[in-house]
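Shared between the two complexes below is chain A, which has chain B as its partner in the first and chain C in the second.
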Partner chain A sequence: MKVTDRQKRVFIAVDVLLILMMVLPIVAAITLKVLTTPASDGVSITGARIFFTIPMPLQDLPITESQINSFLVLISIFGLCLYMTHGLKVKANLRRQHIAEWIVEKVETMVNESMGDYFKGYAPFITSILALSAFSSLLSLFGLYPPTSDLNIVAGWAILVFGLITYYKLKSGPLKYLKGFLEPVPFLAPMNIIGEFATPLSMSFRHYGNVLSGTVISALLASALQGLSRMVLGWLPDALASIPVFQIGIPAVLSIYFDVFSGCLQAYIFAMLTMMYVSGGFSLEDYLLRKEKREKRKAKNKKSKINDNLEVV
Partner chain B sequence: MQTLDVISVNIWQILISLINLVLLFLLLKKFLYKPVKKILQKRKDELDAQYQAAADAEAIAQEHRQEWEAKLLTAEDTASEILQNATENAKRHGDRLVADAQEKAEGIIRVAQNEAELERRKATEDIKREIVEVSGALTEKMLGREINTQDHHALIESFIENIGEEDGGNN
Partner chain C sequence: MLELAVGIILGCCALGAGVAMIAGIGPGIGEGNAVAKACEAIGRQPESKGSVTSTMLMGCAVAETTGLYALVIAILLIFVAPNMLVNILLKVIG
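What follows is the complex of A and B.
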């Protein structure tokens, strides 16, 4: 099969479109941020800014920066994954294919090692948690509001994980699950129930708190450095004194820790905890035992029904 | 512009983020894992096929090697056999040649002998005739008269015959 010029051109055009799909959401978010941020000097630590509010039952839905940013990140990740899988070949000749294969195999091994064979299908889910969390946190590198520093976003993921944990616990035996609350002694049941709900709570607060604290410390430090440079350069004329000398460079070093390292680490921790909790709440032996019992009962029912029919006849 | 509190809980936002995660999961499953795993599987199949082909080729090579080794083992015997056959053939051929030559030589000798015999006979015949004639003429002259040539000739001839026979016995 010979690659014609036309095919090559189409390939490159699709590539460009996909790269645009990756980059444009970030650019759009930055533009939105620049256009809507009011000029302010002071340190203000607040939640996400609300663009508009949609009235909804129970509670109004405010469309905030975090909502929009997380959606843009979603589109960006989708573009990235389309870009990486564009032009896959058996004889790989593109670096992006190597990266895509590396990601897929790495996550699959990780899932296999920490969850076991039964949860093989969890690899895409873990990848999506890793990607969404890491890229959301990394948005702060562009000066954007990281969606992971909004409790609602992380809570949504934690609740989904909680649902999965409970589903697998129930799958390996509902009675056992309920009985588990009464152990080791029945009057500890309230504690156990609190402990059950503490899982998603701790997961979401850990992630959200880490990212938010990074932002807070960065903001505090930036203003402190500004004050310091004003103090040191105070004797100079006004035009020179207002140059924040110490704000150049130093925040970048801290940003490496708080934005890059902490963001990736929290994503990893969240994914790890998800794997551990989901696979930890599930006992394959109990599940298989239950399945066997159920099938036996079914077979018995069928037999007795046939017997009834025979008697009727 | 309004902002949310640092800690604020909103059910709809939570729900939207949950749906976002599920959406991303489905997207990754369909657009990252499915194609990549398909390619990996394809590559694995191809690799397996190649390994199989290599193993087949090796088996065939091994088979050939064994065959040749067996052949090599028997080759020496075959060679000596061939050599023996060849020597025998050559010997037989040589023998035949010699025998032919001898035969031919004998034939030639025989022919020569025959010829010599014939010559000798002829010579004897001639000599006889001459003797007969000479003796006839001599006798005629000595006796001076005509004798019965025919009787005389027969007498002489019988005499000479005896001589000839004696000569033939000497031969």
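What follows is the complex of A and C.
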């Protein structure tokens, strides 16, 4: 089959559209930040900016920078995924297909190694957690507010993971799950219940604390360097004194650790802990035993029903 | 009088934040131990460097959690608590 000129042109056009879909959300976020941030001289540490609030019956729902940024990241990742998988062929001739295949293979082996065969279908979920968390933290490279340094966003993911853990614990035996609270001695039950809720709490605090501490330390360093360069160049005329000598380059070293390394590491750890907790709360043997019992009961019910019918006849 | 009360609140918040960060000692020692052991393990078995490093990073991040709890408390004490406490004080005074 020969590729015509027209097909080639369409392919490139779609490519360009997908790249735009990847880049435009980030550009939009930067524009929004530039337009809404009031001009100020000093370096300040603030939380997410609240754009507007939606009145709700219980409490007003504030729409903040972190929500908008996280949705923009979602759109951007969606565009990236579409771009990576655009023009897939059996015999790969595009570089991006190799990269996409490499990512899929890596995550699948990781999931297989740490979760076991039963959880094979978890690879997409883990990949999306990894991508969302990593890209959200990396957003601070553009000078934007990283959504992961807002507790609400990370707590949402952690609650989702907590739901999954509880679901799998219940799946391998509700009675066993309830009994687990009374071990080793019944009067420790409150401690066990607190321990159960500590899982999502520690997961969200770990992720959010790491990213937030990076932001705070970077801001402190930036203000310190600003002061330093003013002190050193203060005796010069105004035009020269405002040159940011020390602010060039030095914050970048910290940024490599706090933004790139820490962000990616936290994403990896969040995904790893998700896998460990979810697969750790589930025991395949108990589940199979329960399934067998249920099927036996069903068969029994069927038999008795047939018998009833026979008697009626 | 009011100035004194507000001053006490602000000062105690700052003190509390500083005291909370003493918790940083624990994760420091723990992570140091973990890294030392990982270095030993790599020295003994250089071929297992990849898995040792990833396990160590994972363990370090988990050990860091207690320190981060302290950090969260300190940040709350510095950025959130003063406002809240002063508001409560003003409400009490009327």
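Rule of thumb we're sticking to: the second predicted complex is superposed on the first by the 310 of 313 C-alpha atoms of A that agree within 3 Å, B and C clash if a C-alpha of one lies under 4 Å from a C-alpha of the other, contacts with A are read in each partner's own complex, and residues count from 1 in each chain.
Definition applied: a contact is a pair of C-beta atoms (placed from the backbone, for glycine too) under 8 Å apart; a residue touches a chain by one contact, two chains touch by 3 or more.
Just so it is clear, the model here is predicted, and its values are computed rather than measured.
Asker: Mind checking the superposed model to see whether chain B and chain C fit together on chain A or clash?
Answerer: Superposition result for chain B and chain C: fit.
Asker: For the three-chain arrangement built by superposition, which of chain B and chain C touches the greater number of chain A residues?
Answerer: Touched residues of chain A are more numerous for B.
Asker: Who does A:206 touch here: chain B (first), chain C (second), both, or neither?
Answerer: In the superposition, A:206 contacts chain C only.
Asker: Per the contact definition in the header, classify A:15: touching chain B only (first), chain C only (second), both, or neither.
Answerer: A:15 sits against neither chain B nor chain C.
Asker: Using the touch definition from the top, say if A:160 reaches chain B (first), chain C (second), both or neither.
Answerer: A:160 contacts chain B only, not chain C.
Asker: Once chain A of both complexes is superposed, is A:196 in touch with chain B (first), chain C (second), both, or neither?
Answerer: After superposing on A, A:196 lies clear of both chain B and chain C.
Asker: State whether A:104 touches chain B only (first), chain C only (second), both chains, or neither.
Answerer: first
Asker: Looking at A:84, would you say it contacts chain B, chain C, both, or neither? Reply first, second, both or neither.
Answerer: The answer is first: A:84 touches chain B but not chain C.
Asker: Between chain B and chain C, whom does A:45 touch in the aligned arrangement: first, second, both, or neither?
Answerer: both
Asker: One more residue to check, A:56. First (chain B), second (chain C), both or neither?
Answerer: Only chain B is touched by A:56; chain C is not.
Asker: So, does A:265 touch the first partner chain B, the second partner chain C, both, or neither?
Answerer: Only chain C is touched by A:265; chain B is not.
Asker: So after the superposition, what angle do chain B and chain C open up at chain A's Cα centre, nearest 10 degrees?
Answerer: Computed angle, apex chain A: 130 degrees.
Asker: Tell me, in angstrom, the smallest C-alpha to C-alpha distance between chain B and chain C in the overlaid model?
Answerer: Superposition on chain A places chain B and chain C at a least C-alpha distance of 7 Å.
Asker: Please write out, lowest number first, the residues of chain A touched by both chain B and chain C across the two complexes.
Answerer: Comparing the two interfaces on chain A, one with chain B and one with chain C, the shared residues are 45, 47, 212.
Asker: Under the stated contact criterion, what part of chain A meets chain C in this complex?
Answerer: The touching residues are 45, 47, 202, 205-206, 208-210, 212-213, 216, 265-266, 268-269, 272-273.
Asker: Spell out the part of chain C that touches chain A in their complex, as residue ranges.
Answerer: Residues of chain C touching chain A: 57-58, 61-62, 64-65, 68-69, 71-72, 75, 79.
Asker: Could you list, by residue number, the parts of chain B that touch chain A in their complex?
Answerer: Counting only chain B, the residues touching chain A are 1-25, 27-29, 31-33, 35-37, 39-40, 42-43, 46.
Asker: What residues on chain A touch chain B, complex-wise?
Answerer: 36, 38, 45-51, 56, 58-59, 61-62, 64, 66-67, 70-71, 74, 77-78, 81-82, 84-85, 88-90, 92, 97, 100-101, 103-105, 123-125, 127-129, 131-132, 147, 150-157, 159-160, 212
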